[in-house]
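A, B and C label the chains in the order they appear, each numbered from 1.
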Amino acid sequence: MRLYDLASTIGGKLLADDHDAQITGAASLEEAGNGDVTYLDSTKFIGLAEKTRATAVIVAESINIPGKNLITVENPKLGFARAIEALLPYLRPATGGGISSEAFIGEGVELGEDVGIAPSAHLESGVKIGDRTAIYPGVYLGRNVSVGSDCVLFPNAVVMDGCRIGARVTLHAGSVIGSDGFGYVTDSGRHHKIPQVGIVVIEDDVEIGANSTVDRATVGATVIGSGTKLDNLIQVAHNVKIGSGCLLASQVGIAGSSTLGDYVMFGGQVGVADHVSIGDRVMVGAQSGIAKDVQSGLVVSGSPTFAHRDWIRANLVFQRLPDVEKRLRALEKTLDGLKTDKDKSGEKT
Amino acid sequence: MRLYDLASTIGGKLLADDHDAQITGAASLEEAGNGDVTYLDSTKFIGLAEKTRATAVIVAESINIPGKNLITVENPKLGFARAIEALLPYLRPATGGGISSEAFIGEGVELGEDVGIAPSAHLESGVKIGDRTAIYPGVYLGRNVSVGSDCVLFPNAVVMDGCRIGARVTLHAGSVIGSDGFGYVTDSGRHHKIPQVGIVVIEDDVEIGANSTVDRATVGATVIGSGTKLDNLIQVAHNVKIGSGCLLASQVGIAGSSTLGDYVMFGGQVGVADHVSIGDRVMVGAQSGIAKDVQSGLVVSGSPTFAHRDWIRANLVFQRLPDVEKRLRALEKTLDGLKTDKDKSGEKT
Amino acid sequence: MRLYDLASTIGGKLLADDHDAQITGAASLEEAGNGDVTYLDSTKFIGLAEKTRATAVIVAESINIPGKNLITVENPKLGFARAIEALLPYLRPATGGGISSEAFIGEGVELGEDVGIAPSAHLESGVKIGDRTAIYPGVYLGRNVSVGSDCVLFPNAVVMDGCRIGARVTLHAGSVIGSDGFGYVTDSGRHHKIPQVGIVVIEDDVEIGANSTVDRATVGATVIGSGTKLDNLIQVAHNVKIGSGCLLASQVGIAGSSTLGDYVMFGGQVGVADHVSIGDRVMVGAQSGIAKDVQSGLVVSGSPTFAHRDWIRANLVFQRLPDVEKRLRALEKTLDGLKTDKDKSGEKT
């Protein structure tokens, strides 16, 4: 692709000597070579950008890198994403365009236009699938599951009975939607199962990572709001409600009935206790443990969590604790000496 | 269902003006509406119970809520579980009652009465399945695996060669039983695999969560005791022995050869080191890390763990550590001042 | 097997009264009985070794246990591994030796000699499989995936389009290789997906645990180096590079673009932030959180990490923090008293 064409494709302005340079790939500042386009989205890395071997760099309008072919855009990372789309073939689902005779299609299943159903996929009775949705091999859809249009369900994803999946949703390989919530009532030393008869509702534009699990509600619904993205190996327990536009990193676990507002961001391995309410735009550091409500807009860390800034400072002291205790002991000794002196001088008088 | 009939079904006493009220659903105190039954199991929530729009509330015998239809029982949560069972249809396994010709059934497989085997399930040679057990699509059972009666193996669950599953066991979707333990011996820079030739024994009434993994023993057996319930995404390593009636929350990991007694309870994301012994009825706070033996009956938290009560107090001070160090510094300064004064006054004398 | 024959099979020297003793099994010091061989690899357990009921004990050359049949070798654990191999049948893959007509084999698939492909396995177009590799049921291999010789892909393992797997690699059940990296660029409140068009490269002699996930690179490759072993439920994010000979315990998570050197060892549940570089032979304690670069050879713990030895000491003080604060308060009070005295005596003068 000509550099000039790439710039217009991604909606950028070209500042370059060679409008006809051929762009054949995309890569990071460090890894890019001749023929690649790269991007710079923080002035922190301007040194790397000056040394990159890329043929062109996507930058913000305020940035200049002397001697480099530049494409200026408002959001360089977004520009780069569009460049990847334009340059590198993102393989369309292998299953597009056909219903395999080796798939199991139960009674009363309704399929939209241009649906792809792979061999060994299994659709129970009453399943509804929207237009252009691709179902990979080994996918299981329980009774009366509905899946919207333009979804991709990767191999071995499982959606249990009655759950509802919106439009443009991606379920990555091995993810499980609608497994039973972990609910028991213990009586005379026996854990009786509380029937889990609710469902899971996944709204539009959600992505669920590989091998993540979302449990059905005891009664009612576990909800994942529109535009929310879950990374791999995440656990969402029964009756959890997650708002819109959240980004949760890998191995996060959210216990029963907790709620997240909109645009919440979690680092990896964060845990949330049950029945906790987390406001909008809350940011949580990796490995944190949330034990009680967090108000909108806060940035928290630690287990249990408190203000992220204070957590950083507390940790610095934590690492010095043996020294802190030593200093405390020294003070005690000095003070004991002073008191003895005082007592002695008291005795003298 | 008439309120009167519901009360007798769950074995409760009806205290209500309207014995004929229709009950059509079950929900929490907050979410319940007209026609729903709900429950109150802690006086903490009595305020919510007074405001609930539910048509009836299941309560303990000591509780009165003026103006509400009440069903009194000994254990309100158990009563509610029974009400859900009575009111809401819990879908029976989709696979009940038939052996699919699309399943793979190896040589010498023995199937009990009324077994259901779904398409694309795979039973290797020598597998034995008890009465009324349901095997969903994509389930794999290795050679000589035995599964008891009344079990449900949800889609894509995997049980490797030789493992033994008791009666009334549920394996949720994507769970893996009998994968190799993580055992290597390093010699001249190479990690040689120690053959993992043991099995996994899962006793009766166990539930294993979605995408959880239980490794086979190196030699002997990894054991999950009767009535124990494991949540999703849990790791149980080789040669671990878990007692009866334990409840382990999501994302717990237990390293090799460790043992848990009976009725142990773990919060989410707890980790246990290898070769550790944990007694009966031990309770462990979420995200804790157990590095050495824990005696029966203790409640512990932290990483590494100590008494939960002390952990809470230590955390409160942790959050104040920058202040603690500041106060320490102030003391040092004051004391330096005092000593200088004293030295000066000493010089004077 | 005769004890004499076992000793030669594992390359050891026999020190025994009864060269003809029959050895029929292998077990740990505690669990071994008559007919078993066991091993001792640390003098710490010599008491157990003296009491073991095993018929023979594999030991280092420097060890003597009076009254026991001994096989001496350089590395007793390695000797034990070889004894298990010799004594206990490790079941060969159930799928060896045949291409099932119930498997899906796409166009242009190339299969080596003696490959086993089980029913309901799915090989997309362009897949290449090396000699003697076994593909279990429910395995999915995307377009143009290559898998080397002597590999075992256990049930429901998934390898997405274009990924490359070396020789002698084991993918345990439910593992997912080549799922999309977690990459978005947020613009006007929408998270746009950055196309993940890179691949995963898994080098020779790697083992990937059950239900672990390895994401494909955004561009370029996520790499797992030769001889590295990953336990169950591990997350490896896009563009991560892991060196050779690493051992990572269960539930570890490594965020995007981070690198590990060779022979790195992680305890369970360790988390690594993105863009972090970890040197060779680094050892990391369980549940640690690595937020910045770690130099080769260091042993670290904590979240965030610091020297393991210092972390142990800091934790001891952490557990005493309420007492530390109490002592601090006592000092403040004493000092206040002293100052008051001094002020008073000052007033007097």
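Operating definition for what follows: a contact is a pair of C-beta atoms (placed from the backbone, for glycine too) under 8 Å apart; a residue touches a chain by one contact, two chains touch by 3 or more.
Predicted model, so just to flag it, every value in this text is computed and none were measured.
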Could you check if the interface between copies chain A and chain B is built from the same residues on both sides, meaning over half shared, or from different ones?
-> different
Given a C-alpha superposition of chain B onto chain C, how large is the rotation in degrees, taken in steps of 5?
-> 120
Express in whole angstrom the distance between the two chain centres, defined as the mean CA positions of chain A and chain B.
-> 24
Flagged in chain A as touching 2+ other chains are 120, 138, 156, 174, 211, 233, 251, 269, 287, 318, 320-321, 324, 328, 331, 335, 338
Touching residues (chain side chain A, partner chain C) in the complex | 25-28, 31, 75, 77-78, 80-81, 84-85, 88-91, 94, 102, 118-120, 136-138, 154-156, 170, 172-174, 207, 209-211, 227, 229, 231-233, 245, 247, 249-251, 263, 267-269, 286-287, 315, 318-322, 324-325, 328, 331-332, 335, 338-339, 342
Contact set on chain A toward chain B in their complex | 104, 120, 122, 124-125, 138, 140, 142-143, 156, 158, 160-162, 174, 176, 179-180, 182, 184-185, 187, 189-195, 197, 211, 213, 215, 218-220, 233, 235, 237, 251, 253, 255, 269, 271, 273, 287, 289, 291, 302-304, 306, 310, 313-314, 316-318, 320-321, 324, 327-328, 331, 334-335, 338, 341
